[in-house]
Amino acid sequence: MPPTLAAAPTNNVLNAAPPPPTVRLEAFEGPLDLLLHLVRQGQMDIFDLPIAALCDQYMAHLAAMEEMNLAIAGDFVVMAATLIEIKSRLLLPAPPKDPAAEDEDGEPADPRAELVERLLEYGKYQNIGEMLRNCEGERRQLFFRAQAEWSGDYRLPPKFGELSAEDLLRTLERMLAHVGAGERSVTSVRRQKITLRLKMREVLLRAERADKEGVLVGELLPPAPFALLEVVLLFLALLELMRVGSIVVAQQDFCGDIRVFFVPESERASLIDEEVSEGVVVTDAG
Amino acid sequence: MQDSLSQIIECLLFVSGEPVSVKDLARTTETDADAVYAAIRTLRDRYVHSGLQIVEIAGGFQLATRPEYAPAVGRLLAPHANRLSRPSLETVTIVAYRQPCTQADIEAVRGVSSDGVLKTLIERGLLKEAGRKPSPGRPILYATTDDFLHYFGLASLSDLPPLDEDEAPVDGSEMATALAAAGVETESA
Amino acid sequence: MQDSLSQIIECLLFVSGEPVSVKDLARTTETDADAVYAAIRTLRDRYVHSGLQIVEIAGGFQLATRPEYAPAVGRLLAPHANRLSRPSLETVTIVAYRQPCTQADIEAVRGVSSDGVLKTLIERGLLKEAGRKPSPGRPILYATTDDFLHYFGLASLSDLPPLDEDEAPVDGSEMATALAAAGVETESA
């Protein structure tokens, strides 16, 4: 989109009296911001950018900013150099070549073209930014509300059909299966002194009594209501007894009955019982 | 002016997440308590056909949804809420099948204290108190609510899947499997 | 039924802290989009004399106070966060039209480093990272958020004014006039 040079109106600074160079005190957001400000302030024709005037004003602003000790970033200096370069190129006589051919090469015929394009592009966003600034102001006249409090002021029933009725049955089955293993805490009401050692002794005794028949693990369970700890202790006791070789545990078929058989002392591998003797005294897990 | 005041107060009640006292309303609107009360009356008339209402609560006024729309509100907000925890699920299951039952009944099955879980379930509206058992200590009886049915997508309690009564008293082999399972859990915990 | 639906939707808009999409409203009320739109029209009619209004914003509907009551509400509430700085406004505008775009894309337009501005905008939740560009260095791509729409009171990105109304036939003088007009606006602002 090379800017047209011919049909541009002529209300530029060269004709109109240039406005006094008012220097905005705030720092410009980069050289493009400053340039666009100068173009707008001077009502310059962007498509026939009076680069000489623009360059002079730009340099004047830079000097003013320097005087006011505003930090001038490298960007500004680079732009100054660019402006001077464009200015000097415009002063040079046009090379004796066909301008149309140069356009074919992608070489812009006018050294200002790229700068003009950047200014136009930047200007578009600045304009929309101003429109959004208005939106921002209007929107800030509206007030919204945070999400309603949950449980306190509103009784919120849970989501419909979040769980199925099958889930209820599964839960019941699992509960029966897990024998109350759902929670860690145990009420102090249930405070009991059961030691692993006592449990082991009990299991061993009952296994011995059952002799060749063996005893069902289920029969070793304490009567309902089941205390989680008792079940855990039973399990630990079984493990420990198996480890020391006092019992063997057998299961005939998959998911079938598990039977505990007593192993007479004569048939055991001699293992030291010391580790077990410490027997953790479980009282209250809560 | 009266009308405008009621609209300003409407805005104030709307944006405030908590009850606004008449004093604060009068101060903010630069009027007095009488004007505020009058405006609130106007507002209440206008809210007769609204899904919202103006409630007087904790020494102030507040906008709130009407209770009859709670289920819909719940459907919108519930996805953010936690699902039932396992202890809650267990407890609600026991009550569902044994209702009305006491806390002791529940704990007899679960083997653990179920005090907090019961409270949560009542707060969530899945369980309710259903009188007292005519036994020593007259313990509270619990039952499931309509929201319970709602939560599990049941039309009525008779839609609960049947529980084989014979299985309830746990037999040995089941226990054995159970024990293995429990054992594994204990070990890994 | 229609009436009840509008009341339910009223409740939903009230309890939700953010815009609720028509889809979510239809799902929650177990109706369809047409019914929801109809209910919202009913609701808007009913809210004509209210201090509140139903606004379409950031991809959904939301209850809000009417702008004329902003001063009173402002007295009750803590002051707003600061408005966007000019660099922030420029940056967010560029991203809005070019998204997803990289920091280099933004800087190419603005002609200045935009590192800090980008960070601020992400912190304010108006911009977000949106993957990486499959080019050397794999630079981060930025896009606007729903909060961006909400911040500017836009229903969707299509509410943004077109960037290039004169994209196809570029008329030089028109562009110059437009720019001059914008220039005047800028000066007066």
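By letter and in written order, the chains are A, B and C; residue numbering begins at 1 in each of them.
We take it that a residue touches a chain if its C-beta (ideal position, glycine included) is under 8 Å from a C-beta of that chain, and two chains touch if they have at least 3 such contacts.
Just so we're clear, the structure is a prediction, and the values are computed from it rather than from any experiment.
The most centrally placed chain, judged by C-alpha centroids, is A. When chain centres are set by their Cα atoms, the one at the greatest distance from chain B is C. Chain centres here are Cα averages; for chain A and chain C they lie 22 Å apart.
Between chain B and chain C the centroid-to-centroid distance comes to 37 Å (mean Cα coordinates, whole Å). Rounded to whole angstrom units, the spacing between the C-alpha centres of chain A and chain B is 32. Looking at chain C, one finds that residues 14-16, 63, 65-66, 73, 77 touch two or more other chains. The set of chain A residues that touch two or more partner chains comprises 143-148, 154.
Put simply, chain C touches chain B in their complex at residues 3, 6-12, 14-16, 20, 24, 28-29, 46, 49-52, 63, 65-66, 69, 72-73, 75-77. Contact residues on chain A toward chain B in their complex (touch as defined above): 143-151, 153-169, 171-172, 175-183, 185-187, 189, 216-219, 221, 224-228, 231-232, 234-236, 239, 255-258. Residues 11, 14-15, 17, 57, 62, 64-65, 67, 70-71, 73-75, 77-79, 81, 83-84, 86-87, 89-90, 92-94, 96-97, 107-113, 123-126, 147, 150-154, 159-161, 163, 167-168, 170-183, 185-186 of chain B are the ones that touch chain A when the two sit in their complex. Residues 1, 3-4, 7-9, 29-33, 39-41, 43, 45-47, 73, 75, 79, 118, 120-133, 135-148, 154 of chain A are the ones that touch chain C when the two sit in their complex.
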